Amino acid sequence: MGHLLTLLIVVPLAGLVPLVLFFRDARAVKQVAITTTFIELVLSLVMLAGFRAGEAGFQMLESATWLPSLGIRYEVGVDGLSVLLVPMTTLLTFISVLYSSGGTIKTRIGEFMASFLILEVGMVGVFIALDLFLFYIFFELMLVPMYLIIGIWGGSRRVYATLKFVLFTLAGSLLMLVGIVAVYLASGDPGSRTLSLPRLLELHGRFSADFQFWVFLAFALAFAIKMPMIPFHTWLPDAHVEAPTAGSILLAGVLLKAGGYGFLRFAVPLFPFGTQAWLPILILLSVVAILYGAVVSAVQKDLKKLVAYSSVAHMGFVTLGIFVLNQQGGVGAVLQMLNHGIVTGALFLFVGIQYEKTHRRQIADLGGLANRWPLYTTFFGVFMLASLGLPALNGFVGEFLVLVGTFKFNPATGPGGLFWGPAAAIGVILAAVYLLWMFQRVMFGTLREAYRALPDLSPLEVACAVPLLVLTVALGVFPQPAIAIIEPSVQRILAFATDPAFAALR
Amino acid sequence: MFDFLEPLIFALLTLGILFGGASVVLLQRITAQALLMAFTFLCMAGMFVLLGAETIALFQVLIYVGAITVLILFGVMFTKQDDRPRGLFFQTQTPWAAVVVVVLAVPVALLAFSFPDAGQPIPKGGDLGPLGTSLFTDFAFPFEVASVLLLAALVGAIVLVKRDEPEP
Amino acid sequence: MTMTDVASVLPEIVVSLTASLVLIGDVLIDRPAARRWLPFLTVAGLVVAIFTGPFTLAEPRAAFGGFVVVDTSTGFFRMLFCLLAIFATIVAPDYLERRQIPPGEFYATVLFSTVGAMTIALSADIITVFIGLELTTIPVYVLAGMARRDRYSNEAALKYFLLGAFSSAMLLYGFAWLYGVTGTTDFAGIATALARGGIANGPTIVALALVTAGLAFKAAVVPFHQWTPDAYDGAPTPATAFMSVAPKAAAFAAILRIMIIGFGPLGLDWSAVFAILAVVTMTGGNVVALVQNNVKRMLAYSSIAHTGYILAGVAAYQAGASSAAGVLFYVFAYGLMNLGAFACLIYLDVEGTRGATLDELNGFAGRAPVGALAFGIFLISLTGIPPTVGFVAKVFIIQPVLDAGMAWLAVAIALNAVLAAFYYLRVVVRMYMYDVEANAPRLLPSWSLSAGLGLSAAATVAIGILPDGVYHWAIQAAGPYVLR
Amino acid sequence: MVDLVWLIPALPLAAFLVNGLFGRRWLRHATGPLASLAVGASALLAIGVFLEVNGGRGRTVITLYEFIGVGDFRVDVAALVDPLSSAMLLVVTVVSFLVHVYSIGYMSHDHGFHRFFTWLPLFVFAMLILVLADNYLVMFIGWEGVGLCSYLLIGYWFERPEPAGAAKKAFVMNRIGDWGYTIGMITTFLVFGSLNYLDVFDRLEQNAPAQGALTLICFAFFLGATGKSAQIPLYSWLPDAMEGPTPVSALIHAATMVTAGVYLLARSTPLFSAAGPVLPVVAIVATLTAVVAATIALVQTDIKRVMAYSTVSQLGYMFLALGVGAPVAAMFHLITHAFFKALLFLGSGSVIHGLGDVQDMRRMGGLKPKLPVTYWTMVVAGGALAALPPLAGFWSKDEIVGSAFENGYPLLWAVGVATGGLTAFYITRALWLTFHGEPREPHLFEHAHESPPVMTVPLLLLAVGAALAGFIGFPPDHGFLHAFLRPAIEAAQGVSPEAETTNWIAFLLLAAVSTVAGVIGIAVGVSMYRRGRPDPAAVARAAGGYYRLLVNRYYVDELYDHRIVDASKAFAGAAWAFDVHIIDGIVNRLGWLIRLGGGGLRRAQTGLVGNYALSIVAGLLVLIAVYGGYAAGLLKR
Amino acid sequence: MTVPLGAFIAVSAALFFIGSAGVLVRRSAVVILMCVELMLNAGNLALVAFSRRLGALDQRGSVFVVFVFVIAAAEVAVGLAIVLAAYRNRPTVDVDEAHQMKG
């Protein structure tokens, strides 16, 4: 098991082989995809089981020569920050594939499943790559399959949406690429340069203040677009609305996390000065995202768009937690990423299920579904409540910790935690407003005649939802095991970011 | 004592070159243009002689005045040069082009005088030997390449103008 | 002329001989057989040529009394030019047959042009460079016009030729003045002389400007680029594929030699201009490519944009080996992917059209899965998305650019790549996300085309994942361009 | 017993899980008894715990596991058993049990029976978490949990739009309060470094923090309490909550959940008494609430709405007690109110049930013979509400009003007394309209019937409570309850102990005044509705604008449900438009601009060789100029 | 008295720009070709002049000129072939008429 992480990257790729061999046989393709993603899920759980909680550093490190001319290495490893996100990814991928195999995808199933396998490589890779170059490759590798997933199997405006998605993302990530190269150049003299994160962390004292200011900006733009932070968020609603259900699940569940993860993994520890310099703006944008995302959600007419805008608000908590630069905020942000992945993934799953049955996504066209679909209502309701941050469900823990962190935020100048904290907390009220109003309009009221004959959840759909439900409740009631895994690593990252040795730079 | 001779010849040749060149640009009768171009080439050969490069001058006469002019005349024969009003011989951008060229030409021509003249006497005659030696030793490779170039041009010209043959 | 001299230019001799053999073979054997066998002969000759020359060299080797230099850079370019010629040969046969383009002459002309390009790589002085450039481009004029009955082809050839000749004259005149300023023709001597004189000398400025303009024309740098779209657009597609890469690569071989070695002492001046030209070029190319409906023309404009990226690498010459290495790698990558992209259009290139419009590509993925996949990979690579060679190439360009302190240029490259993504990916959209139109042209599949595309697409990805071999090679090849 | 305290919430939780998982398919009507059994067992345990605590067992903390621990932020899931929580436990479980039993009858014909009996034990569970928590965070879990259950149960009949809307309104208004709670909680953590009650109070005592911080904390918590306990300005959800089934109204919106705010403030007494300006504000807001709600209740025609506004008003009394520094009195009234108000609701439910879901009092009348048990129990409860001695309400309410007087709030005392008169009037009116006079709709009257024993027995039991519960606070200020609770609430923060014994004279004087007010209220009520002197309609006409104001509930619902909601919607719509047209518009406009530029540049590609050549020459010119500029130093490189 | 080097170069420059002007203003492909030849000739003159007068005699300039002859010949041959090929499809030598491709 020495190469477990590499195996995690290889397995989906290996799955492509039989998939291509049976390309024309829809049944076989589905089976291959389900099997592959299941094996991947099991492997990721094995990895999680093998992880030694409570240690801050990287574990299961693998390192191999890759680009010797440049000193760039293939380096993978996990720490508390990433070790939970990987199983989340594999689980959501498995669920997406499983759900999609139920007949919702009718054309080009081979290409569809292949896209998901490649996407999985990218998503898993992003969370385990420790070399910036490798990270970037995985970061971009997520792009093309998602581009195809939205563009081929999406809704009526899919082409506009998918191009927008890709262009936004590329605009950020290419600037980050410039930043990565700059980091590479600044990492040493020719011959000793590196992009390996562990080594860069040892070296980050050599980045000048000016350098950090600009390179942090480059990184931040990429991640802010991916998250997305306001005002770079407008690709998200379009992409979500047009994406097929499975695509939405992964887009919201995993892809957005790459942004938050990137902030914590790279931008913050590598550029403490840059972080400090940009922090007021980022905090402001985060809080604006929380409030604005919620307000705009409230008036959405399209169910998927509503959930999409709610993601903007939720990811605002993530960035807020990251940039208050304290332990509660950081841990909260990571938890929020994890929980948002589960909950919003589930919400998109359910919106998709609903759409598959009724073929309506406009809230005004729905109503009274609770009458016929008790199971659906229960599941959807729980996820909705988790999303609005009800205590004892998982959505609460992250948001609450972020709020604690925010209140503790105490900058030298500008408004402090007692301003930002209550402001951000308003977002919690607003979440209740838009989600409950949506729930009321969709689930309550009288049922339309047209929907009277529609069946409740199928066993397959229940099978997809149950793991998410279990996690939603378990992580809400017993968050401490997860926190215990996350906390040391976040502490280590924050130690880099707030290292007094670099205070001199200010 | 014939000091004045060289400048005089130079002046005459210059006049010839500029007149010939300008005629090519400005005239409308294609055959006249071609012949005046040949005249320019001839004056150029004179210049080469004046510079003491008789061999080059010889090549100039053979290749330019001979081969190239003839080729162009063939080209003129094969294509119908239409009779049309004067304006249509020139492009609509002519005024702009003229301005740009003049703006460019005047300073460049003035700069030309800034080349330092070594003022050495021109070694007269017999540059064929060193030229040949140079060509076949140092420049043997470019020379071979030039031959390939000629072959390529030959093949290219043929393939472009030969009549279509029916595919067997 | 000794045997060592001959040995050092053996690959060029082999290619020339191959060209002659092809011409002879074309005469000797009948047309159908010629169509079948001449490509093999061409490829065989090129492969032999690759293996007759050294790939890398520890020490540069001079021949012909120092007028020819065989160094690591030569090895790199030789290999590159031969590979491009091989690729162009592989994708061509069926197209040539459809359009009744004489195969012997086509392959021979490609080979001639290749010899010219290789000559540039060997050159140590401006005379050889000039002849090499002419031998590279004159056959390409012919290639562009080879579909004689096609008016577009005529027009392409005519425009390319007239402007090409014009710019050659300009370049020649620049060389003449350069010779006048420095009194010598070899790059090292020129550098020495310029180092003494500096730029503050009228004739030097004129010479530099003329040479810059002439080379910029060959490489299709804005504003010297306008021949490019028309020539690429009108030429027969396999010819376009070849001419979009080989002469451009050759032009950059010349630029590296002339600018970095010859004009090295004036580097601060020309690199500043090159940086501006790079931005103008990439932006101009991309912005106009954005509004094209004809994919072939769009790719033509995009190739202008790529010129801009490469030029940025040249402008960053102060970064040392990584600059030239970046340029070399990018040229290599560009050759692979751009040739591939144009070649993909051959599938749809029916009589009377120029390449394919966006509409005609609708649903292409359903009709030709392999072709579409390959095209998609090329396009993604051209965009610069990993894991493709185009991505690493961009990294290798950005690195020296940043190293040379031109962060703004690096940012410009990044933003331009976004612009480019828009139109490249739009093609992918059409291929994968639209349904086939009723009046779509019939598909023209071809065994050799698919094989060639498959191979190069695989290479695009493989080198994208493991670029170190090529990059290492490029670093070595960049050795001669490191100024000491 | 105390060590088994975790069983008390666990049993309802188990009932919830079992009913939730198997109710719909298999258990169906067995869910009711099952849930009742579980809650009954909890009630027994709660009695045990109460007795043990009363028996002298001190404060006990039972830690289950660590909930959240990040850095210095550490919170356990733990139960704090002390007199306050054990008393609360007792009330909650007992009333819950009775309501459960009652509901078996009340809900028997409802097709969502199993659903009802899934949510109800869940509510009990959440309420018990709230009560038992040993820190503010875990209390918040219960706090939100009861809110959720309230949401679910108000929206129980979700097919109709009103319950669904009312449910949402309740949840959202509670969330606004929760915002305050959250701020209070986190600020508490910042100031004291802990969320644990005992730690917080210890540290408060040892090292008092800045007044400003304390004030902030207390105001924030009070905002939370106004949401949950329906005080101004967040009270308007509670009357709407009557859209839920009546047992829900009895249990959640009268007896237990709405008193959570009172419990929170009682718990936090040390904080509040240390924070200067908060308590007077609490008192004033509370009094206002009491008056406003009581006046609205005067004119309501829906029997449940009368009860609802009455609840709001009574909650105002409790907060008044808290505000004037008499937390024990607040708890006392909480307990007595739980009994008599639950009874009033259940009685109303019995009437509604008996009439076949009619709630409008104008359609009732003369039901006394048809529903004797209901009538008499409700009379007892009404008397308690009207604070007639010696019923339960008398003792507790009188203590509150008296405290206001004694602690220096004579004005509030006066208002409180007057409100007592109003209270007596509206309850008299409600009972009279329902049970006396002529039947106004004979058809309904014909079919009216008394409820089954499963409903009436709980009524009777509650009536006993409503009648006698006051004696736990006898003698005034020094009763059993005071002795029991004071150590938990007041001693903890070192409030100076009050007079050793009851000041009987003061008590009797004050009690007499308020009793007189109550009697006057009743008398006026009886006079108006029995004899028509003065005629209610004439009074309404005479009151004119004020009457309309009351009927329209001071237009608060209008303001909240329409004006504010509309404004918010407009604002949100504007935000969305901003998103689409400005933020996204800029992006799209940028794309448009680039394409425009491309179109322009494209036109430069004329197709004419001459133009191309000119561009080359012009480029050459520029190059020469630039190089020349560099050489001459005119241009910077 | 010898003619200074500068004079030769100035003549060559003049011819070069005359040729350029011809390329820019004329519409006939054949005439443009002629003008290009003039430009090449201008280059030749400069090369020869430098070769002979730039200090010691330097053969390289002359060698270059010889190569330029070859190139010029090749160019003209190919150029005329292209013009003729185009002329067959459309009987005109006016380059302005060749603008099917633009934009």
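When the chains are written out, they are named A, B, C, D and E in that same order, and each has its own residue count from 1.
One rule holds in what follows: a residue touches a chain if its C-beta (ideal position, glycine included) is under 8 Å from a C-beta of that chain, and two chains touch if they have at least 3 such contacts.
Please read all numbers here as calculations on a predicted model, not as lab measurements.
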In contact with chain B as well as chain D, sorted by label, we have C, E
Listing by label each chain that touches chain C and chain D gives A, B, E
At the largest C-alpha centroid distance from chain D we find chain B
Per-chain C-alpha mean nearest global C-alpha mean belongs to chain A
Per mean C-alpha coordinates, the chain lying farthest from chain A is B
Of D-E and B-E, the pair with more C-beta contacts is B-E
So, in whole Å, the Cα centroid of chain A is separated from that of chain D by 37
Separation of the C-alpha centres, chain A versus chain C, in whole Å, is 42
Per the C-alpha means, the centres of chain C and chain E lie apart by a whole-Å value of 26
When centres are defined as mean Cα positions, the distance from chain A to chain E in whole Å is 64
In chain C, the residues touching two or more other chains are 127, 131, 134, 138, 141-142, 145, 148-149, 157-159, 162, 166, 170, 180, 201, 206, 229-230, 292, 422
Going by residue number, chain E touches two or more other chains at 9, 12, 19-20, 23-25, 27, 32-33, 44, 49-51, 54-55, 60, 63, 67, 71, 74-75, 78, 81-83, 85, 95-96, 98-103
By the touch definition above, chain B meets two or more other chains at residues 91, 93, 97, 100-101, 104, 107-108, 112, 114-115, 138-139, 142, 146, 149, 152-153, 156-158, 160
In contact, pair by pair, are chains A-C, A-D, B-C, B-D, B-E, C-D, C-E, D-E
Listed in rising order, the residues of chain E that touch chain B in the complex are 1-15, 17-22, 24-28, 30-31, 33-35, 37-38, 41, 44-45, 48-57, 59-60, 62-63, 65-67, 69-78, 80-85, 87, 91-94, 96
The answer for chain B against chain E in the complex is residues 3-4, 6-7, 10, 14, 17-18, 21-22, 24-25, 30, 33-34, 37, 40-41, 44, 47-48, 50-53, 55-56, 59-60, 63-64, 67-68, 71-72, 74-76, 78-82, 88-91, 93-94, 97-98, 100-101, 104-105, 108-110, 112-123, 127, 130-131, 134-135, 138-139, 142-143, 146, 149-150, 152-154, 156-158, 160-161
In the complex, the residues of chain E that touch chain C are 9, 12, 16, 19-20, 23, 29, 32-33, 36, 39-40, 42-44, 46-47, 49-51, 54-55, 58, 60-61, 63-64, 67-68, 71, 74-75, 78-79, 81-83, 85-86, 88-90, 95, 98-103
Within their complex, chain B touches chain D through residues 91, 93, 96-97, 100-101, 103-104, 107-108
Listed in rising order, the residues of chain D that touch chain B in the complex are 608, 610-611, 614, 617-618, 620-621, 624
